[in-house]
Structure formats: structure tokens, C-alpha cells
Amino acid sequence: MRHVAKLARLALSDAEVAQYGSQLAGLLTFVDELRELDTDHVGATAQVVESRNVVRPDELAPCLDRADVLAGAPQAQNGFFRVPQIIAATN
Amino acid sequence: MAPLDDLSTCTAREIARAVNAREVSAVDIAAAVSAAVPERDRDLGAFLTLTPELMLAHARRVDERIAAGETLPLAGVPAAIKDNMCLRTTRTTCGSRMLEHWVAPYTATAVERLLGAGALPIGKTNMDEFAMGSSCENSALGVTRNPYDLDRVPGGSSGGSAAAVGGGLATISLGSDTGGSIREPAAFCNVVGFKPTYGRVSRYGLIAFASSLDQIGPFARTVEDAALTYDAIGGYDPHDATSLNQPLESTAGALRTDLRGLRVGIVKQFATADLGAAIDAAYQQAYADLANLGAELVEVELPAAKYGLATYYLIAPAECSSNLARFDGVRYGLRVDGADVGEMYEKTRAQGFGAEVKRRILIGTYALSSGYYDAYYVKAQKARTAIADDFKRAFERCDFIASPAASSPAFTFNAKSDPVAMYLMDYYTIPVSLAGLPSLSVPCGAVVPEGGTLPMPLGLQLASPLFSERLLLGAAHAYECATRHAAKLTRPQIAKAK
Amino acid sequence: MHDTNFEAVIGIECHVELKTHSKMFCGCPNEFGGEPNTKVCPVCLALPGALPVPNAAAIEHMIRAGLAFGAEIPAFSKFDRKNYFYPDMPKDYQISQYDMPLTQGGVVRYWLADGSKHECRLTRIHLEEDTGKSTHAGSGDGRIAGSTYSLVDFNRAGVPLMECVSDPDIRSAEEAVAYLDALKRTFVQLGVSDVKMEEGSLRCDANVSIRPRGSNEYGTKTEIKNMNSFRSVHRAIESEIERQIALVVSGERIVQETRGWDETEGVTHSMRSKEEAHDYRYFPDPDLVPMEIDAATVERLRATLPELPITRFERYVDEYKLNVAQATQLVDNGPLAEYFERAAKAAGNPAGVVNFVLGDLSRLANESGTEVARSRVTPRALAELVRLTDAKTINSKTAKDVLTRLWNAGGSAEAIVKAEGLAQVSDPGAVAGFVAGVLAANAKSVADFKAGKDNALKFLVGQVMKASRGTANPALVEQVLRERLR
């Protein structure tokens, strides 16, 4: 659970780890019934629709005004978004 | 200009006709709505944000265009918009602390088309946080109540949009449906709720929950109004690669008065005997009413439907765990500072997301993670194919299927505290969503719930093959005209403006 | 030179920005530079509700690049999400390709300065989107370590990127640079990228390991990052090979890690001692639909491929017998190469033509700022000039003069030679006449030469050349002078 929370960048307290852990376990038991379903003969559906090759032409479209871009920024500086230090091990 | 009757009972068709005929102005409607809504919403809590100035500005524009000779299909129709759809300059929150103060700098395509058709934006409605829930109780920003019993939930996740129309505050509204989030609240609130085929309405500007399932659709008091709204918002959008590049045929022009020549599939796996005598009777009556309109009832089977919930609760969380990663405190929304970026991410997301959202992110991350991907995610995608295939087979023997929209009417607050009990509310709607089929809920009666005193509405779910919106809405209209259940139920008195 | 008991085993991983007008999934401009956060939109900024739509030109560039290296273009391809958190990743996932890329396999053929040809197989090339750019502030040198905060600019986020991963077929730093040169030449030739490391349109990392010569097993590899020019790549790889050999020779273990190249100090530093394995949780992107590339499309794109650098290089060396340096120079300048070929065909003497093209003509071009191919010297005129020189109708000095006149005024070499009587004089009688005149006028030099000063002869030759207005055959002049002065 801690590993999954780390992958999802969610800080969980010990109590939460226990609570979500047991809820997740319950849910996994619930979804485990899928194993009964024979799916050897079917392909996986990534999308219901069967379109292919949906692309756009290589043309320019208007950008956002920088004022709009930075309007919602929690912290901006000189036109940049500012974030706390990035420690290499964050990756 | 003859004033319209009580706006809270008029249909969109009536309002648009009157405004286009210049019998009443959009500006007058906007003024009346602005005056009435805040008071009437006080108990209901359908709206998170009201947009009176924006509504007035749009109303002026509508009147100008009509004066210049245009005819607008939704002229002057007061509309509410679920708060997971971006509307430029309005606060768009998804019912979450994460976006509590975020103002959208652009507008969703479906909303643009709605307003372009002449509708007036009353405001943004409450919802389960990030569209995850079936009762609207997961909203972090407000409580919405069922217009037919204020002690009961309006359903979810589009609870606010359903309550707004059900409570007479809006004539139409937009909601979104991923696993039942339009159909279930429509059933709970005695209104029509319609989810089109996946890809018929652009998702550009709809804040994503589960990308391969989300669809925008209308709530309305009548099937015809729902059809009018769908006709205005649907169609190809080059901004959405999953939107269908196929011409949109008008549905409002295809409404039927009977069901002669059509076969209705009654799904064996969706039998209603176990739902309680009163509910069972209501649905049996509904099926009989369909037969009385000339339809042939056929029993069909969806053997894989029972795996629908398990399938959905792997696919949707997996997609949402990735879609919600962008809420990281860097560019918009909530930020909780940390000593470094990693800490900032973790604290921001811990504080910004509620419990249900966290649960789904966690299970979604797990289902996609190394070592589990094949067993969970891929398996679920295969189950999805099996379910879609079941529907294809069923539709060889019938033209559309009928079932309950939900297993019970609206329940009381906190009734479903166990997450899995809540998930079961979408039992009938989820398989339809997984197959991408067009589907709606239309009022089909009322029962007094166990332990309750007031009769609560029930909804009949109809679903049809991919791209067959004309057939679906046409048939629903016939049923609605013959039975008129919605009008038979009166709302308890909630504060009315003069 | 490295300890020859060891062999270096190197693989190169490149990210190449594609040259399209707009970004990969939105219509923002794909341009270098500009004020921060002025080239973004809801899509590339990853605002809630935004959706990606792929750029058709980027897909075509990608396929053409693959075809240029002989890669296979599978019939079916898709985009996948690569999930990880980083401040310059707007969506906190990157749209990339995991198990069904647009191209598969392929080989990069390249040459070294000594003319030898080599091959490096490609593991894969796939299409993805670039991230934004962070600058780290608060420390003295802009590095992450020691910075207290970072500033992020998303102008670059969403630019289409080709990721090329090579097999570890490269065996030296020189080969690595030659491989990169081959990539650069090919991509520039195809018009798919500018490939400028200084602008970030080419970024690369190297995987380096060593093993005892003759062994077939792979040693522990390290990943080298932060190389900002081809020269850095060379120096960094050399440095790392040395470092690894020294460790192994002294009995120590090589740690699998990422190391950053430090340009100033000339060494690599360990960046992470513990390799954090990423769980990217790849899954097909549900916002995008798959691509089906049919044979007709592949053939249409294949037909647009120009002659590739390696093919042209081989043709120049094998058919035209140019040396490696000459062939390389021409391959790197398309218009000049085409000019050269037209002239060479007309003259029937590629060697003669290339000397002019790369020598005097290029010099004139540099001085005047006009390209050779746009100058007044037509390839036919040059060919004529070369033929005249080959036939010894004019000598080399005259040829230079005529060339200058052609450069300034155009026209035909033959016409100029005729008009001004510049034909080389090789008639012994005529030469004797000039010689007699010069000897008579330069008694002192004659005396100097007879006294043993060889320089005097050179002077006398010069005088004869002057007297003949440069047309006397210099070899004959010298011969006649020597006879007369005996």
C-alpha cells in the first residue's frame, strides 16, 4: 500500500494506510471474480469506437494569453511557474 | 408579449418557440431566473456557482441574434452545467478542494455549442468529486438534496444537474456519465437523463475521469427536450480524437408515438423480482406499458453482465489514476507547500482529494502497476469485450433493451457507507457504459422506499445499439407520452420566489 | 590510446526534436526560444479537460526517418501513456510508444575519417512528446543539487520527439560521434529535424561498458548524461572508458549507475548511486486511437526519400574516387554536391572539378558571401575550365585568373581565354624568345645563379612568366632557362 501510494504521490497517514489497505483488499476480492470469466477467445478493448488514424494537419492554432496561463498558478515568477527544489531522487 | 407560465414547468421547446417568436425576450427570462434561483436553491443546494452576469450577457446576445433573423433551437432556455465542464471565466471545481478556486480559461466544446444554440447559463452544479460517486455525497464543496425528499440524495455523480431540473430551477442541464452518472440521478430526481453513444459528444473541456467511458449528456423534463439538447451539442469535434466523425442526424425530428414493429429486450440477468414487491410491480407495469404501445417483449441474456462492476472498477480507476496525476500543485489548483517538490506533490494531493478519489487512484495505480497489469487491467479490458459482445448478440433479437436504471429509489444520506454497497447502485447502468451504448433513464413511476414516507421516483433505463440515438429517443418519447409518470409526482414545497 | 586488452561497448540513446510547424498534440508553435510560457494552450499545459490530437506531419516524418534506416513499418501502431511525476511534465504522464512503435529495427551506416565503414543496429525508434524545461535557481551554478527552487517553462512541452535507441554496436568514442553525425546528416537531409545540440533539438545519452577483448559477454554499463555537443560526447565517452578500465585493472567493481559529464572538469560524476527502478505503468492512451499504416502509405513516403548521405558518400568515393575528406565535405552541403556532380559529369574529371569546387570556388564563395551554386560560374563553365587545364591549354595560374573573372562576370572559360590570348604558350621557340629577353635584362640574377644561388632561378622564372603575361608553360620555361644558363 505504501508503495502504491508513493507511485501515486499520495501522502497517507498510518491510519489511512491501514484503512485504504483494507478497503483495497476488499475491492480486490470483489474484482477477483473476473478470473472466472473465460477470456481466452476475446481481445482486449482499449476503445469502444473503432476509428483509426485520427490526426490533425500540421497547422498553428492560437495559444493562450500568458496572463491566462499564469492566472491559476500557485506560484509564478518572471513568467515561469515556480516550484520547490527538485531533489534528484524525486523521479 | 405574453409571459410564459411558471418557468419551472415549461419545456425547452416551449421556451425556445416563444423566444424565437419574440413573444418573450431572453433577457427577461434571465432576469426572472436570476431572481428566483438563489432562494429556491437554498434548500436544494444544486448549484456551486451562479453566473447571473454571464447569463445576462448571453441573453442579450441571444436577443440580438434573433432580432437579426436567426432561429436558435434552445433560445432563452435556462440551463445548468455540471461543474466538471470548463466554462471560460467561471469557477470550475469538479466538486473538489483541489479545484475549489480554479477559473477555467477556456470553454468545453459541448458547452460552447449549448450556449451557441441559445441556452442561458444559470451556473455550475454540484457533483460527486471528480465524478466519482452515485449520490453526490462525495462532493467536498456542498450538499445537494433530492427535490422530492430533502432527506434523500439526488443521486450521482451529476446530482446537482439532476436536482436543478427535477427541482424546477433549470429547464435543461448538462451532466456527464461514466458508469451511470446521468441515468441514476435522473431516475432519483424524476427527470429524463440521456447518455449518447461514446464519441457522439465531444469530451474536450470535460474534466476527465475515465477517458474511454466519459460522455456528456442532457437532463430535461421531457424526452423531446433531451433530444433538442443532444442535437445542439453532439457531433464531431477536431479537438477530441475520440469523437465520431459521422454526421449527426436530428433526433428531435424522429420522435415516435408508438412502438409498433419494435422488439424490446428484457434482460434475464436484470430481473426485478428481488428488488421488493413495489419496485418489481412498477417495472413489470413499465414493461407492460411498452407492450401496450405495440412492442414485442423478448427475453434476452447478458451472461457477462454480472462481471460489469468488477470490470468497471478496474478500468475506470486505472484511467482516472493517470488522468488525475496532473493535479500536482504546479500549474493550477491547490498547492500545499513542501520542503521539496516530492513533498509538495504528496501533501497537495492528500489534502486536495477526498477519500473516494484517493481510493480509486490507489486501486487504479495498483491495477496498472508492474506485475499486476495483465492480471487486472488487461483482463478487465477483455471482460469488456465479452460484455460488448453479449449486447451485440442480444441486439440481434431486439431493437432496444429495458431495465431498471437503479436497484432502488433515492436513499437517505449516509445509507451506503460501504464503498462496495455504493458501487452496486450502478449495476444496471455499468454494462451499458462499458459497451459504449446510447442509453437513457425516463421516469416510470414512484414507490415509497422502505422506511420512508414520501413516494420517490423510479427510472426506466432504455439502451440501444451503437449510434442509434434516433431510435432510442424516439421510443422513449412514445413511452413518456403514453405514461406521463413524471407529472404524477409532486414535489414537496420548497421556497418559491414570487 | 586505451589499454588494448579491453574493448568498449557503447550504445547511444538520442532524443531528436522533429521539425514541424506545430507541436505533437496541439497547434502551438514548435519554435526554439521566446518568452517563457507564451507558446502554450490548454492541451500542452495539461489544463483539466484538455485532449491531445496527433500531428499528421510528425507521424510522416517519423516513418520517413525509419525508412531511411531500413526500418520496418508495422501495419499497426499506437500511443501509450508513460506515467511518472516531474514538474516539467504537465500531465505527469508522457504520451509515448511502448510496445507497438511506428518503426522497428533498422541500421545506421556511418563512416570514419579513415574511410572505414561501420554499422550500428537500431533497437527502436518511436514517437513521443517533449517535456517543458526547468531551470534550477538558488545555487551558484544552475545545477539541481544545491538549488532551492526551480522555474518551469512549458514552451517546449509537447514538441514532437523521436527517440532513437541503438544496439550496443559502437566500439569507440570516434565511432559514437560518427554515428551521431550520420543521424544528423540523414535527419537534416530528410528535412525531419535541424538536429542542433546547442538548441536542444538533439539530446543524447550514452551507455558505456567494457569487456576483455574477444569476450562476448556484456560488462556492467553506466549511463552518461549531460553531454551538450559532439565534442563533449567524444570526451565524455573517452573519459568513461578510461575510468572503467582503471577500475577493472585495479580489481574494483563497476557500479551500474547514471553519471553526469562535467565539461569544465572533464570527468563524469555519479548522479544516483541507487538506480531507482521506475514503474511507468504503461497502458494504451484512451484519448487517442490507433494508427494503421498501409503499404500504399509506406510506399508513398518511401518515394519521397532523397539520396541518403551514406549512399552519396559511397558513390563519391567509389565512382568519383574522391577521398574521404572531400566526399564528407560535399555530402554535408547538398547544393554544392549537386553543383559538383553536374560539373564533374560535363568535365569527365571529378578530381579536377572537386579541387576547384572545394578550393578556389569555395574560397571565393566565403569571401563574397554568395554560395557557389548561386554564383555566376555555371557548372558548364567550370567543366570547360577544367577541360582546358587538363588539355594544358592553360596553366594552373591562368586557370585561377580565369575562374576569378568567371566569378565576377560569368561567361565561358574558352571565350575568355581566346579573347585575351591566355592560352598557355608551350612553343619552345616562343618561350626561348621570352627567356632571351629576360636574361638580357637581368644580368645580375644570371650571375647570382651561376654563383650558386638557386633562388635566382626562381626569380628568373617569375620574370619570364611576367613577360609572357603568365601564359608561358612554367615547366618549359624552367627547362629552357636551365639549358641557357649552363
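Should a chain be cited, it is by its letter among A, B and C, assigned in written order, with residues numbered from 1 in that chain.
Note that a residue touches a chain if its C-beta (ideal position, glycine included) is under 8 Å from a C-beta of that chain, and two chains touch if they have at least 3 such contacts.
Nothing here was measured: the structure is a model prediction, and the numbers come from that model.
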| item | value |
| --- | --- |
| Pairwise touch network: line, ring, star, complete, or other | complete |
| Higher-contact pair (C-beta pairs counted), A-C versus A-B | A-B |
| Per-chain CA centroid nearest to the all-protein CA mean | A |
| Farthest chain (mean CA position) relative to chain A | C |
| Centre distance in Å when chain B and chain C are each reduced to the mean of their C-alpha atoms | 58 |
| Between chain A and chain C, centroid-to-centroid distance (C-alpha), Å | 41 |
| Distance between the centres, which are taken as Cα means, of chain B and chain A, whole angstrom | 24 |
| Interface hub residues of chain C, defined as touching at least two other chains | 42, 45, 53-54, 85, 87, 150, 152, 154, 279, 281, 286, 288-289 |
| Where chain B touches two or more other chains at once, by residue number | 102, 105-106, 212, 238, 241-242, 325, 328, 330-332, 341, 345, 365, 369 |
| Sites on chain A at which at least two other chains make contact | 7, 9, 46-47, 49, 51, 54, 56, 64, 69, 81, 83-87, 89-90 |
| Footprint of chain B on chain A - complex, ascending | 1, 4-5, 7-12, 20, 23-24, 26-28, 30-37, 39, 42-49, 51, 54, 56, 64-65, 68-69, 71-75, 81, 83-87, 89-90 |
| Chain B - residues contacting chain A, complex | 102-103, 105-106, 198-199, 212, 238, 241-242, 244-245, 304, 307, 309-311, 313-314, 321, 325, 328-335, 337-347, 349-350, 353, 358-359, 361-363, 365-366, 369, 376, 378-386, 388-389, 419-420, 435-436, 466 |
| Complex contacts: residues of chain C adjacent to chain A | 20-22, 26-29, 35-42, 45, 53-59, 78, 84-87, 134-136, 138, 144-145, 147-154, 271-272, 276, 278-279, 281, 284, 286, 288-292 |
| Contact set on chain C toward chain B in their complex | 42, 45-54, 81, 83, 85, 87, 90-93, 150, 152, 154, 279, 281, 283, 286-289 |
| Chain B residues within the chain C interface of the complex | 84-86, 92, 94, 99, 102, 104-106, 108, 203-208, 210-212, 238-242, 318-319, 322, 325-328, 330-332, 341, 345, 365, 368-370, 373, 377 |
